[in-house]
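You will see two complexes here that share chain A, one where it goes with chain B and one where it goes with chain C.
This part shows the complex of A and B:
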C-alpha cells in the first residue's frame, strides 16, 4: 500500500512540475520536455495502480496496456511537436535574417 | 430492402474504418487523393444514414469489438445523440471535401509557389481522412480509454492540419494548439487513471453503474472536465483558438471550427449528463453556465473588435460555444431530454452555419488576397453566391427563425424563464444582438461598392468553392423546419429520452 502511494505521489509531483514548467517557461524545447515529464507522471501513477506485492495474486494487465498505448501516443506527439518547433525556429531565423539584410540595405542606400 | 433492415451491429465500425483506410490510400496513391477522399466521404455518409435507419428500427446498439465483452473488450455503441453528431460530421465533411478540392485546384492554377501548394494538397487529404476517422470514433466509442486515443488522433491531425500553411504565424499557432491539446489529453488521462483506481473498469456503462459518490470519482470528473474544457475552448481556456483557427488554410479553418471543438464538447456533455449525472451538483452546473455566459458576451465583443474577417469568425466560434454551456444550469428544470435537444440543435446549427461562414471567408480571402474587413467592399458583385451564403449563415448564427439555432435558443429562453433564472435569458438575447452587430458589420461592407473600384480581373472562383458553402448555410437555416426529424432520432436513441418537448415548443 505504501509503495503504491509513494509512486502515485511521485507521479503527481512530476505532473505538477511539468505543468508548472509548461506554463512558466516560453522556450519551445522546454515546453515539449515539460509535457513529456507530465506524461511520465501519469504513466507512473498508472503503473503504481497495477502494483500488487509479490505472491499476493496476479497483476492487473489493463493499466500496463494503457501505459504502452500512452507511450506510443507520447512518442508520436513529441516527434510532431519537435518538427514544429524546428520549423518555427527556421522560419523565425529566416525572418530575422531577412530583416537584418533589409535594414543593412537601407543603411547602405542611406550612406 | 433487406439490406436496410439487417440488425447486425457490425456496420457500426464503417464510419471509423472507411476514412482510416482512405487516409492510408491517400498516402499510397498521391495523385488520386481527391477521388479517394470523395469516395470515402460519400461512403461514410451512406454508412451513417444506414446507422440512423438501424437506430430508428431497432433502437440503440452495442457492438463488442472482436467479440470481447465490456470489462475486457472495447464497445462501440450508437444512440440518438451519437448518430446526430455523426450525421453532422458526415454532411459537413462532404461539403468540406468538395470545398477543399475547389480551394486547392484554384491555388494550383496560380504559378506562384505551386510546389508548396501541391505539397499542401498532398498532405491535406490523408490528415483530413485521419481526423474524420478519429472524430467518428470519438462519437461512437463507449470506452473511456479508447476515447482518450480518439481525442489524441483528432488532436494530432488537427494540429498538423493547422500547421499546413507553413507561415510563421500559423506554425506558432499550431505549436501552441498542439501543446494545449496535449495538456488537455494528459489531464483527461489523469482523470481516467483516477476513475480506473476507484471503479476498476473503463466501459462507460459499467462506470455509470459502479461510480459512487466518492472523492476520487469527483476528482476524476473534475480532471476529465478541465481537459475537455481546454480542448473545447471554454472561456478562460480559449486563448489558443482564434490564432489557430484564423491562420490555417480555409478548408482547415472550417474543419477545426465546425467539427473538432464539437467532439470534445460532446464528450464533456455525455460525462456530465449521462455517465456522472448522479454526482453533478447544481453549483457546478451554475459555474459552467456562468463560464458559458462569459464566453457568449466576451467572444461576441471580441468578434466585433476584430479587423480581419477570419479572426472575427474564429471569435464568433468562442461566443457560439458559450451557448452550449449555458444550457447546463437548466438541466434541473428542463430535464435531460430537452437539454439534449437544446444542445444537439445548437451544435448542429453552429456546425453548418460556421462551416458555411468560414468557407465564405476563405473564398473572400482567396479572391482578394487578404481579409481586412475595411477593404472588402464590393465583393458582392464578384462573389454573389458566397456573399449570399455568408448572409444566411449569419442569420443562423443570430438565431432568427426558421434556423436550427432559433429552436435551440427558444428552448433555452423558455426553460430559463420557466425556472425563474431570467439572467440566462438576458445573456442569450444580448448574445444574439451582438452576433447581429458583428455579422452585419461585414455584410454592409460587402454591399458597398466604392466609386473608383477597378474592374475585376482576378481568376473566377470554381463553383466548388461557392456552392458547398451555400448548401451548408441553407441546411442550417432550414434545420428549424426539419426539427421533428432530428428529435425523432434523439427520442429513438434512448429510452430515457422518451419525453421530448415537455412544453415550450415555439
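This part shows the complex of A and C:
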C-alpha cells in the first residue's frame, strides 16, 4: 500500500512539474521534454493503480496494456514533435531574415 | 550548473526569477498537485478494476497472458488505432525532412563494427523470443518492436555505409506490414464471425501471434526510422533516374 502510494505520488509530482514547465517556458524543446515528463507521471500512476495487493489476478491488465501502447506512442509523438520543432526553427529563421531584409529594402525605397 | 547555464543561454530563457504571473501559475499547479494527491490518498485501496472480468474471459481469448489478451483481443480496436498512429507519425516525419545521414563515409572502428555484428543478430533473436513469449508471459509486439528499434538505432549510430543503399520498396512494405496484417485480420474476422476483430473460436492464439509478429517488425522499423529523422535520401533520386514510380505510389 505504502509503495503503491509512493509511486502514485511521485507520478503526480512529475505531472505537476511537467505541467508547470509546459506553460511557463516558451522554447519548443522544453515543451516537448515537459510533455514527456507529464506522460511519465501518468504512466507511473496507471501502473501503480494497476497493482492489486490480494485478489484473483496479480495485476489489473487493462492499465498495463494502456501504458504499454502509450509508451511506444509517446516515443513516436516525441520524434514527430522534435522534427516539427526543427523545421519550425529552420523556416521561422529564414522567414525572419527575409522579412527584415524586405522591410529594410522597402524602407530604403520609400525614403 | 555549468551545463544548465549553457542551455539557458542557448534557449534564450533568461528568466532567472519568476515574474508575478508565473508565481501565480506555480501556486495554481501546486494547488492542483495537492488536490490530486488528496484524491490519490483517499481513493480506496482495492479499486474495482477489470481484473476479474479479464480473468473470467481469459480462457476464451486464445492466449494465457492477461496483458496480451487485453491488448489484442478484448481491446483490439485500441491497439489497431495505436499502430495506425505510429504509421502516421512516420508519414508525418517523412513528409517534413530528409534523414540527415552523413555524406562522406567515415572509418568505423573495428571494435564498434564487431559489437554491432555481435549485438544486432542477438537483438533480433531476443525480439522474436519476446513476441513468441507474449502469448503466455510478459512480452509481445511492442516489447519485441522496441528491441528491433534499438537494433536499428545501433545500426544508424554506427553510420554503416550500406544504410543509404537500402532499397525503398521493401522498407516501405515492412513499415506497413503490421497495420495491413492487423486490418486484414480484422476484416477477415468481420466476414467470418460478424464482429470486427472477433476471432473465431479456437483460432485466436494463432491470429494474435500472426498480428504480433507483423506488428513487431513494423513497430521496430517505425522507431528506427523515426530516430533517423526523415525519409531516406536515396529514394527520390532513384525514382527520378529510373522514371519508375512504384515506390512513389506506395508512399501515397
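Criterion: the second predicted complex is superposed on the first by the 89 of 111 C-alpha atoms of A that agree within 3 Å, B and C clash if a C-alpha of one lies under 4 Å from a C-alpha of the other, contacts with A are read in each partner's own complex, and residues count from 1 in each chain.
As a convention for this text, a residue touches a chain if its C-beta (ideal position, glycine included) is under 8 Å from a C-beta of that chain, and two chains touch if they have at least 3 such contacts.
What you see is a predicted model, and the numbers here were worked out from it, not measured in a lab.
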| item | value |
| --- | --- |
| Touched partner set for A:62, first chain B, second chain C, both or neither | both |
| Touched partner set for A:20, first chain B, second chain C, both or neither | second |
| Partner with the higher number of touched chain A residues, chain C or chain B | C |
| Which superposed partner A:77 touches (first chain B, second chain C, both, neither) | both |
| Which superposed partner A:38 touches (first chain B, second chain C, both, neither) | first |
| Touched partner set for A:6, first chain B, second chain C, both or neither | neither |
| Touched partner set for A:92, first chain B, second chain C, both or neither | first |
| Common interface residues of chain A - those touching chain B in one complex and chain C in the other | 15, 19, 45, 49, 62-63, 66, 69, 73, 76-77, 80, 84, 87 |
| Contact footprint of chain A on chain C as seen in their complex | 11-13, 18, 22, 25-26, 29-30, 32-33, 36-37, 40-41, 43, 45-47, 49-52, 54-55, 66-67, 69-71, 75, 78-79, 82, 85-86, 89-90, 92-93, 96-97, 140, 142-143, 145-146, 219, 222-223, 226-227, 229-230 |
| Chain B-facing residues of chain A, complex | 15, 19, 22, 28, 31-32, 35, 38-39, 42, 45-46, 49, 62-63, 66, 69-70, 73, 76-77, 80-81, 84-85, 87-88, 91-92, 95 |
| Chain B to chain A touching residues, read off their complex | 145, 149, 152, 156, 159-160, 163, 166-168, 171-172, 174-175, 178-179, 182-183, 185-186, 189-190, 192-193, 196-197, 202 |
| Partner chain C, residues of chain A touching it in the complex | 1, 5, 8-9, 12-13, 15-16, 19-20, 23-27, 29-30, 45, 49-50, 52-57, 59-66, 68-69, 71-73, 75-77, 79-80, 82-84, 86-87 |
